[in-house]
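For reference, the structure is listed below as structure tokens.
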Amino acid sequence: MSHSIPSGSRWRWYIVFFVAPATLIYTVFAIYPIVESLRLSLFAERDAVEAFVGIDNYKKLFTEPYWADQFWNAFKNNVWLFVLHMLIQNPVALALAAILSIPNLRGAATYRTIFFLPTLLSVVVIGFIWQLILSPLWGITPAFMNFMGVGKFFAPWLGLESSALTAVTLISIWQYVGIPMMLFYAALLNIPEETLEAARIDGLNGWSIFWKVKLPLILPTLGLVGILTYIGNFTASFDLIYTLQGGLAGPNGSTDVMGTFMFRTFFGFQAQLGDVNMGATVASSLFFIILIGVSVYLFGVQRRLQRYQA
Amino acid sequence: MRSNPLSSMAIHGVLILYSALALFPLLLIAINSFKSKKGIFRDPTALPLGELYSTKGYQSVLANGDFPLYFGNSLTVTLISLVLILLLGAMAAHGLTEYRFKGNGLLGLYLILGIMVPIRLGTVALLELFVKLGLTNTLTALVLVYTAQGLPIAIFIFTEFLKSVSGEIKDSARIDGLSEYRIFFEVVLPLIRPVIATVAVFSMIPIWNDLWFPLILSPGEETRTVTLGIQQFIGQYTVNWSAVLAALTVAIVPVLIMYVIFSKQLIRGITAGAVKG
Amino acid sequence: MATLELNNVVKQFGQVEVIHDISLSVNDGELMVFVGPSGCGKSTMLRMIAGLEELTAGDIQIGGKKVDHLPPAKRGIAMVFQSYALYPHKDVRGNLGFALRHAGMPKAEVTQRVDAAADILGLGPLMKRRPSELSGGQRQRVAIGRAIVREPEVFLFDEPLSNLDAALRVHMRVEILKLHQRLKSTMIYVTHDQVEAMTLADRIAVFRDGVVEQCGTPLELYKNPANKFVAGFIGSPAMNFIDSNVVNGCAEHAGQAVINMPDGDSNHAKVSIGIRPEDVRVKPDGILSGTVQVYEHLGGEAYLHLLLQDDQNLVVRTDADSAYRIGDTVRFDVIDSKLHLFGENGVALPRQLTS
Amino acid sequence: MRTTILRTTLFAAAISAATTGWAETTVLTIESWRSDDQAIWDEKIIPVFEKQFPEIDVQFKPTTPTEYNAALNARLAGGTAGDIITCRPFDNALAMYEAGNLADIKSLEGLANFSDVAKAAWSTDNSDATFCVPMASVIHGFMYNKDAFKELGLAVPKTEADFYAVLDAIKADGNYIPMAMGTKDAWEAATMGYTNVGPAYWGGEEGRMALINGTAKFTDEGFVEGFKQMAKWTPYLGSGFQAQGYTDSQNLFTLGRAAIYPTGSWEITGFQENAEFELGAFAPPAKDASSDCYISDHTDIGIGMNANTKNKEAALTFLEWTSSAEFASLLTNAAPGFFSLANHNFEVENELAQEFMAMRSECKATIRVAHQILGRGEPALSNELWTLTANVINGTMTAEAAAQGAQDNLDAWFKP
């Protein structure tokens, strides 16, 4: 015997009501355009008409030196970007969060606001300020370094192949450290006071409580920050590098990342005309790289980490 | 923790040092925006006092009488997008967490897929779409794109939060005779209030600061946003740094105000378990 | 006031059946307790009665009327939740009157009903507070008040006391009992705590794995458990079970005949003998013996945890003025007439005991 | 100010539409990368046109140079690009024409006012189609701080030897950075460096045509020498020049901290507004006293029509006007440094502009080496030259290696 649904209606319209508007806007204005773009990676202009070429564009991207060199250069730079963010941004964020979460810290709210400020700013602003600060011409950094007695170590970092990427990355870290800091901070505040008291009774001091109790307890947040860093490393890094170093991501391509490479390919740059199909190919490759990372996180890291969760 | 004065001093020392690092660049802009060009380059770190002081930069900005319009546009776009992101995102998250239905998990995954891919990839298709819809050079186009772009993160955070909320209160409302719609608006929405600030801040930043979509979708004079306006302004005044710095300062202020409004709620939201991982 | 009938109720979540064909009736004005370990289906059953879960098969009647097609609000029920489920953004008065106002009741009547409920529960001074400003007990009282104002035909309680501390729990238990006596309404109360079940219930339904193992008054369940599960679940400390071989029609323990099998029953080679701690008499010439492992003294009475010769455990109640030390050997007898026998499948064997 | 004008025009248009009833206003939008010129167009050029053609409302909508191509291409693809498109010269515009984004305007009568050389920048190789009206050329050379030269008693250099002697003198004095240029943005290095002084070594047009014909290679002496000159510049640049961007250089020079600025004539307006000293210009030095000097008189800006415009007639009207003597004079005088390519006679009033104009008669002219035909590879050779030149100046690459790199780019696709 069939039974009626308590709410009285067979087709639960309210679910449609809740889910449909978001799904619709998202599908039409986010997924559709992206899929449409990715579709283009399977096509190429042959004799002035779009023709289906299968994976030819991908072959080109990975075999022709002109493309492959750029791709691997950008990829390598992205890896460096990621490593630096993981080694500097996230530990600094964690340290700041750990300090801020000390109970009854005076001025904690003010510090928090200040630390988050750079995150709010547009890259137009950030790019401009840091170029000014690091500029060898206007003398802010050289003067400061002279003052500190290390003036001879100054170099025009943004302009040197050896240091430009690292300099840009440090600026990015300066800007975005607020986000992981907030996440860590929230996670640290969520640790029950009893757990910490138990640790104190077990004879752990401040340091060892942090390493042996707090850190394991916020591991899931560490994982989350890790994957957000990974994604941001491929998607968000574009704006800053484009603003600071231009479309060619100089000097000599040393700051080129997947984002700038894709943009340059897709839309062209100065004398170079855009190639929509190759741009889409780079974009799709980027998409798969991100997808692999996210899958590793979802199916490997996150599962393991969640065991610690209460 | 027992605080001994020495370690407390060390802690504040570290915090103040980092504050200086975070604030110095911003102060630099603000200070120099009140100087003449000569003043900026003679000594960038000097305070705008005496002969260095000049409001020429701000005069150039004001002379370009369009900035109020740009601010209006940015505010309109940002606020409407925010409302849509928050409302539709919360609705979808509620639908996904509260009801069992076929394809629920898959739909959830689909909706947060957008975190991974920058919509910018789809610019050309988007533009063609808006041309067909007759929405180019309208703020509506921007609102739609930003909403689509902001939804995945919003849904992700709301879902995480709603998962941690006991379902009993909704059941209780059901027993009190509320329809599913009213349960959402009268019970769930007030419940997620602390997280709303979190989502609002995280969604607001990229919208306010975006340069790309205004440039492509709505570059028209009447629909220009502040960030685009500033950027074009910089383009026109490449060598007039007083004006550029004044414009940059002017661009920072509104974001700052919005942040201060939301910031109290922000931490409460994050700590409410919003972003648990 | 109404009766409640559950007829052949089945519930599946996807492919998993969690309620297997349950039929049960609750009388008008009766306080029925659903008890069982977590995951036994008791809460699911309650939620189906409330209308929060759909039935897969079967039907539910309240006051002789089929209700399983009705939304929760139309079923004439009210429910009190474990987490209280108060609206955090409304004060106590707002929480109490919310359902009534929503149903479109005139303001004056809402106020009158809310005040009456507040009066019963002593919430008067708290009316302007928000839930976050209330203690656990006060919140629970508001949650109950919210149910009362609706004057439902059936009250549903879903583990309402488990978030409270022990003393408050005892106190609230009494209040609920008083409330039931005062309102004389039909109530269904879900708990995993058998003490709550025993003290509150007119009748208890013991759930396990989606079936009702036994339903009856607390005393029936205590005296005549239908199976080993019910026997072990009802009563505190729990009933002891001694594995025993049947030799010559006699269940024996450590070579010592303990109890005769019911007449003519020769189908069992092994049985469990169920012995409640209170049905053991310690005496120096007892035929059974064990070594004291733990001695619990509760003031008015004391419990001995004995290790029997074949390494089985037995908890024994003894009077408070006796003194034992760990390692002492204790001799005892069992009261034959109060023993229970269970077959290998756990089902109670009829007791026609001769000894 | 701008809006006021805009509003007045709109208002006037509305009035005229309302009173006449039939005259509908057509709005033409101009795409351009010259955001610096906004005021010039809004205040000086457009009002003149609109006075003659009140039924057409022209709006100048520039995008900053860094975003111009990307944004324009996206808008073209989406069908929202402006009616009038400012064209970059040669291969870039040609590709846009071939992609169907620029219309063939060969039928425009006004094109007769331009020389074939000028038209070549915006025509197909066989000259069958012309897709932009030549608007202006820019002349490369050097600007210098006249006050500084006076102070140090320096004369304008004519030859390579003079040039380095002057630089050495400035460097020895130490008050000024000899030359304001950085390599951070890369394009100045190639545009104001290599293609500025290089023609003197590869013989200008001769050398460029030889490359196109396949009779010369980048690895030939003249082209390598161009790169070698770049390497010689390094010691005269400001410290930290690697991180010095275009605007940094502009500021360095206009603030009077650098004495010489390798540049093009397009800087005239901005520099004259901002510099508080007297500006002068000199041509790229000749190899030696017996050699000719060469300038890059680069056909830089054309103006064409979006092939898909809905206002074709109005757009053609506007383009026809841009080929007139009136426009040529307006542009050259409003934006001194952008020299009209038309054959009309008009006066150039700006003195500094006149100095640049004078170079035309003193030196042989050519265009930027990589722009015509040679720029069609992947990546475009001119983009490649940016990076190569910057590398040479930075000292991370030898002149020979850079020349080889440029030749490799050609070898990969180019058939003479």
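Residue numbering begins at 1 within each chain, and the chains themselves are lettered A, B, C and D in the order written.
Note that in this section a residue touches a chain if its C-beta (ideal position, glycine included) is under 8 Å from a C-beta of that chain, and two chains touch if they have at least 3 such contacts.
Only a predicted model underlies this, so the values are computations on that prediction, with no experimental measurement involved.
Visitor: Under the touch criterion given at the top, what is the topological distance in steps from subunit C to subunit D?
Guide: Between subunit C and subunit D, the shortest chain-hopping route counts 2.
Visitor: Once you count every C-beta pair in contact for both, which comes out on top, B-C or A-D?
Guide: Most contacts of the two pairs: A-D.
Visitor: At what distance in angstrom does the C-alpha mean of subunit C lie from that of subunit A?
Guide: Those two chain centres are 54 Å apart.
Visitor: With chain centres defined as C-alpha means, what is the inter-centre distance between subunit B and subunit C in Å?
Guide: Roughly 54 Å separates the two chain centres.
Visitor: In angstrom, rounded to a whole number, how far apart do the mean CA points of subunit A and subunit D lie?
Guide: Whole-Å distance between the two chain centres: 38.
Visitor: For subunit B and subunit D, let me know how many angstrom lie between their CA-based centres, rounded off.
Guide: Those two chain centres are 39 Å apart.
Visitor: If I count partner chains per residue in subunit B, which residues reach a count of at least 2?
Guide: Each of 41, 123-124, 126, 231, 234 in subunit B touches at least two other chains.
Visitor: Identify all positions of subunit A at which a residue touches two or more other chains, and write them in rising order.
Guide: Residues 7, 263, 266, 276 of subunit A touch two or more partner chains.
Visitor: Multi-chain contacts only, two chains or more: what residues does subunit C have there?
Guide: 51-52, 71-72
Visitor: Across the complex, what residues on subunit B touch subunit D?
Guide: Contact set of subunit B toward subunit D: 37-38, 41, 63-66, 123-124, 126-128, 130-131, 136-137, 215-216, 219-221, 231-232, 234-236, 238-241.
Visitor: Given the complex with subunit A, which residues does subunit D contribute to the contact?
Guide: So the residues of subunit D in touch with subunit A come to 66, 69-71, 73-74, 77, 88, 91-92, 95-96, 98-99, 182-187, 238-245, 248, 251-252, 370-371, 375, 378-383, 386-387, 390-391, 394, 396, 412.
Visitor: Under the touch definition given earlier, write down the residues of subunit A that touch subunit B in their complex.
Guide: 7, 12, 14-15, 17-19, 21-23, 25-26, 28-38, 96, 99-100, 102-107, 111-126, 128-130, 132-133, 138-140, 143, 174, 182-183, 185-187, 189-190, 206, 220-221, 223-224, 231, 235, 238-239, 259, 262-263, 266, 276, 280, 283, 287, 290-291, 294, 302, 305-306, 309
Visitor: Which of the residues in subunit D end up touching subunit B in this complex?
Guide: Within the complex, subunit D contacts subunit B at residues 1-4, 6, 35-36, 38-39, 59, 61-65, 67, 71, 74-75, 77-80, 246-247, 250-251, 254-255, 270, 274.
Visitor: Show me the residue ranges of subunit B that touch subunit A in the complex, using the header's touch definition.
Guide: 1, 3, 11-12, 14-15, 18-19, 21-23, 25-26, 28-29, 41, 44-45, 84, 88-89, 91-92, 94-96, 99, 101, 107, 110-111, 113-126, 129, 144-145, 147-149, 151-152, 155, 179-181, 184, 205, 208-209, 211, 227, 230-231, 234, 244, 248, 251-252, 255-256, 259-260, 263, 266-267, 270-271, 273-277
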